[in-house]
Amino acid sequence: MRIPLSYVLKRIGFLVAVLFTAATINFLIPKLAPRDPVTELINRKIASGGLTSEGAAEFGDSLRKLYGLDKPLWQQYLTYIWNMMRFDLGYSIVNYPQRVSDIIGQTVFWTLGFVATSTILAFLIGTVVGALVGWSKTSKWFSWLMPPLAMFSAIPAFILALVLIYFLAFKLKAFPLRGGFSATIEKDWSSTEFLLDVVHHAILPGLSMLLVSVGGWALGMRAMMVTVEGADYITFAEAKGLKGSRIFFSYALRNTLLPQVTALAMQLGLIVSGATLVETMFSYPGIGNRLGAAIAALDYPVIYGIVFFMVVGIAVATLFVDLLYPFLDPRISYSGG
Amino acid sequence: MQKSQGFKGFLKYVRRNPALGGGLVILLLLLLFSTVAGLFVPKEGAYPLSTTPKQPPSAEHPFGTDSVGRDLLPTLIYGTQMTLSIGLIAGCIGLGVGTVLGFMTGYFGGLFDTIIKFLVDVLMTIPSFLLLVTIASSVPNPEEMSILQMALILSLVAWVQPTRAIRAQVMSMRERAFVMMAKLSGMSGMEIIVKELMPNLLPYLAISLAGAVNGGVLGSLGLQTLGIGNLREPSLGMTIYWLRYYNAFLQGYWWWIIEPVIMIAAIFIAFLLISIGLDEFANPRTRRTV
Amino acid sequence: MSATPLLQIKNLKVYYYVEQGAVKAVDDISFNMELGVKMGLVGESGSGKSTMALALMRMIKPPGKIVGGQMLLDGTDLIKLSEEQMRQIKLSRLAMIPQGAMNSLNPVMRIDKQLVDGMLDHNVIMTKEEREKRVGALLEMVDLAPKVAKMYPHELSGGMQQRVTVAQSISMEPDLIIADEPTSALDVVIQRQVMETINRLQQRLGLSVILIGHDMGLMAQTVDRLAVMYAGKLMEIGETRAMFRHPLHPYTELLIKSLPVLENKGVFSGIPGITPSLLNPPTGCVFHPRCPKAWDLCEKTTPPFTEVESGRWVACHLNTA
């Protein structure tokens, strides 16, 4: 399969537009809000006794210069966009001089680990269950799976996390209550003991995400299977006397993959948002929990930087899925997307 | 499409659509709990230091109390009221804006449509919750945020989905025979929208409203759980924030954890059932109930 | 005529069970069909002719059900076969050319794969080279270029897609092909070309074909024998020419009369009245409410389906009373 260049360029253009919009929103919102982070920081420093009111004015000016707040707005904007393009997200105010990009680097892999694993597992399990329930030739017993799965899919992951923490971690003590690894173990990525400990900590956050999303995939898949089953090419496949397994996989399931993967791309934003809250519930050392901490400390560069990073991640993943489409459905590349 | 006559016809229809019926009943119970129960339970109990802290459910405090002395019964009554109100206001604004934009772009097309469609596509890729975090954390004095302010912030993203859904429906209906007939008979664009399209789109508008309210509730819960917004006034999100803040788990205050979870689950399950039911109402042939 | 006919349908009944009762889509139909014959099955929409096609393939879906009768293919009752036995018979002995040409091919599978997957599922073992050769031969038989093999359905026109389905149904040289309005979705010129292809293959491979449709004109040009269906019942069956020359059933007569004739263009005499409900069919002869020649007996008793001359059957009191 050859993907036409025009299609690729169109998708990349869209990606750039998304990032540009996100960066602009990030730039504009603090400007629109009648709120001065520098003054707020100084007031906090004075209150904690770290700064005298005489030194405050000078410190404020140097900070404003450092963040470029003394320049005209359009110049600040251009500098901001240029910095975003280089992925220079600035410094944390609260933990100055820690770089926002370093904070992201330290936390993102924790998040990627459990979120990617649970999302892929949920997608596979949900798709298969939904396909089996939707296909009229399979046992009707499968349909008993749907109501509980649908109920789970309605509840936000971080709320389900509360239930799991209470019963599985607090009552049964089967899993740790919080964190990404035990404080008692040496942090050594080459030791099996540490890795197992990390996995043990990741199971409950992952399970919250998984239980909540399986139902959505199953519901969507079932609806699509019901539609596909009425298609003329399924009737003709039956008339050809094809084996049931071939009709199920190569004819029915194969034709629902595109809408299902499209749905996955649409869900990425919700998945990342959900993971942010789930991490907060577990005090998991990922990027979402770090975002929560930055919100609590009003550390604006970190808040905006992490949000921008997440938007970039989602936009890139969406682009990846877009480029996958022509492989899933040969009709796409010709209609130009 | 099922056309029911009046309330009796509606009741008759609901009997054949248990998902819709079940969802509406749960929602009605939640509304009753959060309004009528408030007539008997004063709001004062929903604030810290109003009673003995850390009490499990008892005759005196049927829902127990939290670790800073809030009585959880009024907290949940007024919290559910607050959370549902925020969701409803945000959802209605979102649906209103979405309906206007959806009809204008879907029916008239043109440059305006191109711009709005592009904006919607971009905003669909940027997760709305992250936008909300950026916006809401930048608002001055978030701890004083009123219901209306919270709802207004949520409505900044609540219009995107309705616009998209209604635009698609309008576009598909624009080409149908009955709209063509109306055009040929000399009706103006506005007349066609109001007299021909609106009635046919009602179930889709209802689905969009359910989705927008659901999104509003979810957004407000998420923000408050992260500590953004008013954490003094009772709301379900604020309850979640404090139970985490005060480590309700480590102390084993099960009632403090389970009660808001049940309320929140009930809200979302109600919306799930309603949207499944409405979906079946709109497309009676292709869908089956759970 | 051989001793045993290729296909014997005996008292076939297919009902759809809905809330209001049983819809008798095929009600007590019997006929025989010899090897190598092209038979037409005509009727208005809703007469049960498509149900008849699905029943022959044993593809009636709930709420539909084959409630009685026999369908003997070379003496084997298809109704009594297991699912797996029936699957083996499909394509290898009994194949179907579908109605919706544009949507009958799997949109995400290349044509060559779709041409051979039926054979692969019927225990035909082929090397890669044999497979390619077979695909080429099949495409050639239906007048398609070899490059079509590597294409996807959306790259083909409707007529080409229908040729691909024809190629698939003849891929295992079955005895009987059921073509359910195979050209109804195509425009007239393409219709003719596809019909010519089917005709040519029928002669070359010695196939028997049941052509289902509502177009009497097309039938007159194409089939040897004609069966006329109305409201789930057979009205008349016989040699096409004899039937056109001298229709015995008033319904057949009306169908023939309703054909637009070249000499008097524009005079298209439809059949007055509407098709009856299959849920509550009229008493007696199902056609009597619309029949210009009906009399009181027609309302009371159902006329038997009787052989009035060799190979000519009719269900009408005019011919038996």
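As written, the chain order gives the labels A, B and C, with residue 1 at the start of each chain.
Note that contacts are C-beta pairs under 8 Å (C-beta built on N, C-alpha and C of every residue); 3 or more make two chains touch, one makes a residue touch a chain.
All of these numbers come straight from a predicted model, not from anything done at the bench.
Two chain pairs, A-C and A-B, are compared here, and A-B has more C-beta pairs in contact (counted per touch definition above).
Chain centres here are C-alpha means, and the one lying farthest from chain A is C.
Work out the mean CA point of chain A and of chain C, and you get 55 Å between them.
The centroid of the Cα atoms in chain A and the matching centroid in chain B are 22 Å apart.
Of all the residues in chain B, the ones that touch chain A in their complex are 118, 121-131, 133-135, 137-140, 218, 221-222, 225-228, 240, 244, 249-250, 252, 254, 257-258, 261, 264-265, 268-269, 271-272, 276, 286-288, 290.
Against chain B, in their complex, chain A makes its touches with residues 14, 17-18, 21-22, 25-26, 29-30, 32-35, 146-147, 150-151, 153-156, 158-159, 162-163, 165-166, 169-170, 177, 219, 223, 226-227, 266, 268-270, 272-273, 276-277, 280-281, 291-292, 295-296, 298, 300, 303-304, 307, 310-311, 314-315, 318.
Chain C contributes residues 57, 59, 86-92, 95-96, 98-100, 103-109, 117-118, 121-122, 152, 154-155, 165, 168-169 to its touches with chain A in the complex. Of all residues in chain A, only 231-233, 235-243, 246, 250-251, 254-255, 328-331, 334 touch chain C in the complex they form.
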